[in-house]
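These notes are about the structure you will find just below.
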Amino acid sequence: MSNLEKIQKDFLDILLAGDTDKAVALAKETLDSGTAPTEFFEACIAPSLAEIGKRFETLDIFLPEMVTAAEVVQQVNDDVITPAVESSQSEGITSAGKVIMATVQGDLHDIGKNMVVLMLKVNGFEVIDLGTNVSPSEIVERAESESANIIGMSSLLTTCLPYMKDVFDYLEGKNTRDQYKVIMGGAATTPEFSEEMGANGYGHSAAEAVALCQKIMA
Amino acid sequence: MRTRGRLHSVLDKAETGPIVEEREFDIEYIQKPIQALVKKYDVKWDKDLFLTDDDDLADRVYQAGYELALNTGVYCTSTKRRMVWTKAELDEVIATSPSSVIMGEGDDLAHIQARRPDEDSRVAVCGGAYGIPVPENLFVPVMLSYAQEPLLDFIDNCSLVSTYGRPIRAGSPWESVACWQEVDLSFAVVNRAGRPGLAIGCAENSPTHIGEISSNSIGGFRPSDWHHAALVSELKTNYDQLIKVAHFARTGSHIHTFANNIYGGYPGGADGMAVALVASLILLQATYFGCTVNPGPTHANLSCDTYPAMLPGIGVALQGLNRNTNLMTTAFARTWGGPGTKNILYEAGALALVGVTSGIALMEGVQSAVGVQTAHCTGLEARFTAQVTHAAEKLTRKEAVPIVKALTEKYQDAMAGGDKPIGKPFDQLYDVDKVVPLPEWQGIYDEVCQEFETEFGLKL
Amino acid sequence: MKNGMDYEVLLTALDRAENGPVVDEKIWDAEIIGKNFRETLKKYDIKLEKDDPYVTADDDLADRLWEAGMELAAKTGVYCIDTKRQMQWTRDELEKILAAMPDKVTVGAGDDTATIIHREPEEDSHVVIYGGPFGIPITEELFIPFHEAYAREPLIEIFNMGTLLSTRGRMIRAGSPWESIAAWQEKELAFEILNRVGRPGLAMGCVEIATTEVGELAGTTYGGYRPTDCHKINFISEQKTAYHHLIEASHYAHIDAFSESYFNPMYGGYVGGGAGVALACVSGSIVMRAAYQGTLNNIGPTHVHLSASTHPEVLRALQLGLQALSRNGNFLTSPFTRPTSGPGTKEIFYETGALAVASTVAGCSYIDASQSARGTKTGHASPLEVLFVAKLAHAVEGMSRADAAPIVAWMVDRYKDSQSDPLLGKPFQELHDMETLDAKPEWQKLFDEVCQEVEAEFGLKL
């Protein structure tokens, strides 16, 4: 096992324990010993997060552990990786893409959407989570102002699907449909509805959402 | 009501009409077309005239308003779409609008019938506080002061300052609690007045659909009561209003509809306001299938509708509608003056004269001191309004013109600045226990009644 | 007000939504729920292991769970999404509210009433069957025959319908007047169905199409659904409410209506694993009573990925939660049957049956069944799975938990491997004769086979 592989194992354990201080210390120590920040991200952070995502899929860990791990990684990025990248003036860690996520108007359910948000983040996407009960016009306006690549919409309720349709109508009305890829998920959505709307993809799990976004951005 | 079969088609329009931004609607579909229509139809009158009796002008104003209704439609802010009617649809709305209605129950029925200008026939009167906020402990005496007046055919509720001591938060469950409290208090009022079947204008504590549809339910306000739906200025609706209307339609409830065009707003002055008023009442009927249609235009700064320059606009629009349709139009007194002043009586009287001779079916009032002073409302100004209304039934517009002018001269200065004549709250004008006017207020009322008799030959 | 409801309790709940401490929703999820749940489980030593029986018979564990739930209920309370405030009650307040709960209620009207009673674990008394497709989407055209097939079944004592896919040909838009139109259409169809089967007073779960308060309030008024029907009100996971739910609570109080309050703790979510779900069943029920004063208490824990309540870990957690509630309070509880399998499969009977057996011996008062194929496939439901639940539940009334455990295990063995790639079955119209509404022979045969299997294996008479 190479040194970085060992560090990655330790890092994974620290993430699972939710120990921010240890995670930051390990990252600092690794970079101080000569590892480039992007290398640390690719060799340690990314695979650790991927493993955590997998364990959540099989429910070997639960949502709180995944949330905590994502928060720890955020802290490591803020405290160690990003400053190191800036000071070295090297190329930063490329975001996998920018995604606007929302549970549409009329629907207050968020856990499914939150899982997708987390999984996207742990897979390197920049995600702007608009929350629940979000109006179609707000979704479109934020996609514009954030220059998003992907609009992701979720709904558990069939009676909220018309608001997904509104997003497509508003994009068409503004002639900006081609600027975004639009994906949907949630128990109320179906592949047939997605196709009828002209969506760029549909997924029925957080893992599928990630795969879809990766495919879109490839 | 037989026209409510169109409900689905109306709701469809809100979902499928052309998408337009709200600001664009205000300018391109309200402001500019109204300016053009005022010119096209030569809508104008002598500025010293506070009531016109020019039938040709009235018809032109009607045509202008009809054209606005046809070309503009209604804007649904919830869907950002314009709801439009074809000419055939609009003509059908007008042709099939109800011309009479009976509200209330048992021995306490109120009959409302469409009229023409100058027609000598009975005008119904609704008296009430029209949403003026009132403390919980005063609701019953305040509303009883209206319900006990035999000249009032039915009443409209005040609103509550609080509900069980808590603030009433729009869009929250407190709206439901407040409206159910309003139910309990309202039934206490009508029972005490010995008029259990009296139609009640409700629910006044319902800024959104929540309170209205919660309390228009089993054990609550009745289908025979007088429920409300409005177009927001100018010519706008939203899901709240449409949800209410759908509910009223299914429960067979009476719907009172109103629109408050803004004098000095996008429609412009009284000429544009008149055009907007006609369009609004036609579209109220098209959108909400009401029984009564009320123009309650509002001065952009003062918020009243008795500002002298507004009166001819209100009158000519009502005349146009009453000459060309069977709509049950109303006039609504939202006065600058408050109870306990002579101003309120002059203002309400002036509007009643304008409205009745212009052919309204129903006179409403009084939303005293523009409705914003807590508990500034009493049944006495409503009684007065009813008295003037019935006296005005015998007058033509021509005969009413000098009276209206004289009345405006009595109150217009108070609108120009200085202390606002807001009057006094209920418990300073009425004996709260016996619910009778105190001598001071009774005295003022008697004086003005006397003035009407002496100066205008009207026995009230 | 009926059902032990108190107006002041309602006003207090609404007050707490306006005046409680402001909390960020993320903090609610991670700390107030997540962290408190973990700590409470540890403090009270609440554990559920994968090799524990599916029906536990440990009264001490159930009672510790109850104590843990009471403590947690007082500590956490409810989160109001609209005001971003934590609604809390003291332990004293909660105890007073719980003490006022009635131990029985009669819903419905005329000849079609159903009386639901509080039961304890292993009690030999009647479990009411609240049956129907529970919100499964169904087309307007099929709505009547589909539901008539359920409503005519005498073993169904309270009836819950599926959800209209459209209303008068239009999409149903939440929070819009179309929700109101759909609510009225649903009501008209419901009453047509009840009249056809000669059960006009049958209590209806309603308003099924209601996504917001619009549908509920519109559908429950003059000429609409009745106070004797079972109206709905719920939490969002975990222990969250919103204005529209509180509006419903106010409305039901004022029209004196029965209501079923329900919530769905998530296995694998913020409450953690099985032990956390069991704890959530208890603390959620307690605070739900405080917030809504609902007549009936339905718990539908769900697997975070599979969305089923019949996942073995979820089932085990639920029955323990039901035991804790039924041993320690007057709750009128039920499980919510949400299997992964659809009709036309044997697995659906095993799934729904396992939950029915476990819940009945755990002391539930009634059973909600069945949101087949997790409620996601249009028309994938049939009354046969409800009938199976009814027969099995009645057959095990009075059975001990120890005797029930092997029955549940036997059933779980027969479906657990299929859950990750669920067998969705077939839609109603492929399983039933659309003229007679009877099950077609092949579907009836599957039902009969499973009944015979259970009878032969366990000596039960179905």
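Labels A, B and C are assigned to the chains in the order they are written; within every chain, residues are numbered from 1.
Methods note: a residue touches a chain if its C-beta (ideal position, glycine included) is under 8 Å from a C-beta of that chain, and two chains touch if they have at least 3 such contacts.
These numbers were taken from a predicted model, which means no experiment stands behind them.
The most distant chain from subunit B, with centres taken as the mean of CA atoms, is A. The interface with the greater count of contacting C-beta pairs, when B-C is set against A-C, is B-C. Between the CA-based centres of subunit A and subunit B the separation comes to 54 Å, rounded to the whole angstrom.
With centres defined as mean CA coordinates, subunit C is found 48 Å away from subunit B.
Taking each chain's centre as the mean of its C-alpha atoms, subunit A lies 33 Å from subunit C. Subunit C has residues 173, 175-176, 179 in contact with two or more other chains.
The set of subunit B residues touching two or more other chains comprises 15. The multi-chain contact residues of subunit A, meaning those touching 2 or more other chains, are 162. On the subunit A side of its complex with subunit B, the touching residues are 137, 162, 166, 169-170, 173. For subunit B in complex with subunit C, the touching residues are 7-8, 11-12, 14-15, 78, 164, 166, 169, 171-177, 180, 209-210, 213-220, 222-223, 239, 242-243, 245-247, 250-252. Residue ranges of subunit C in contact with subunit A, taken from their complex: 29-30, 34, 38, 81, 137, 163, 165, 171-176, 179, 182, 209, 211-212, 236-237, 240, 242, 266-270, 272-273, 303-305, 307, 374-376. For subunit B in complex with subunit A, the residues that touch the partner chain are 15, 19, 79-80.
On the subunit C side of its complex with subunit B, the touching residues are 10-11, 14-15, 17-18, 82, 168, 170, 173, 175-181, 184, 213-214, 217-218, 220-224, 226-227, 243, 246-247, 249-251, 254-256.
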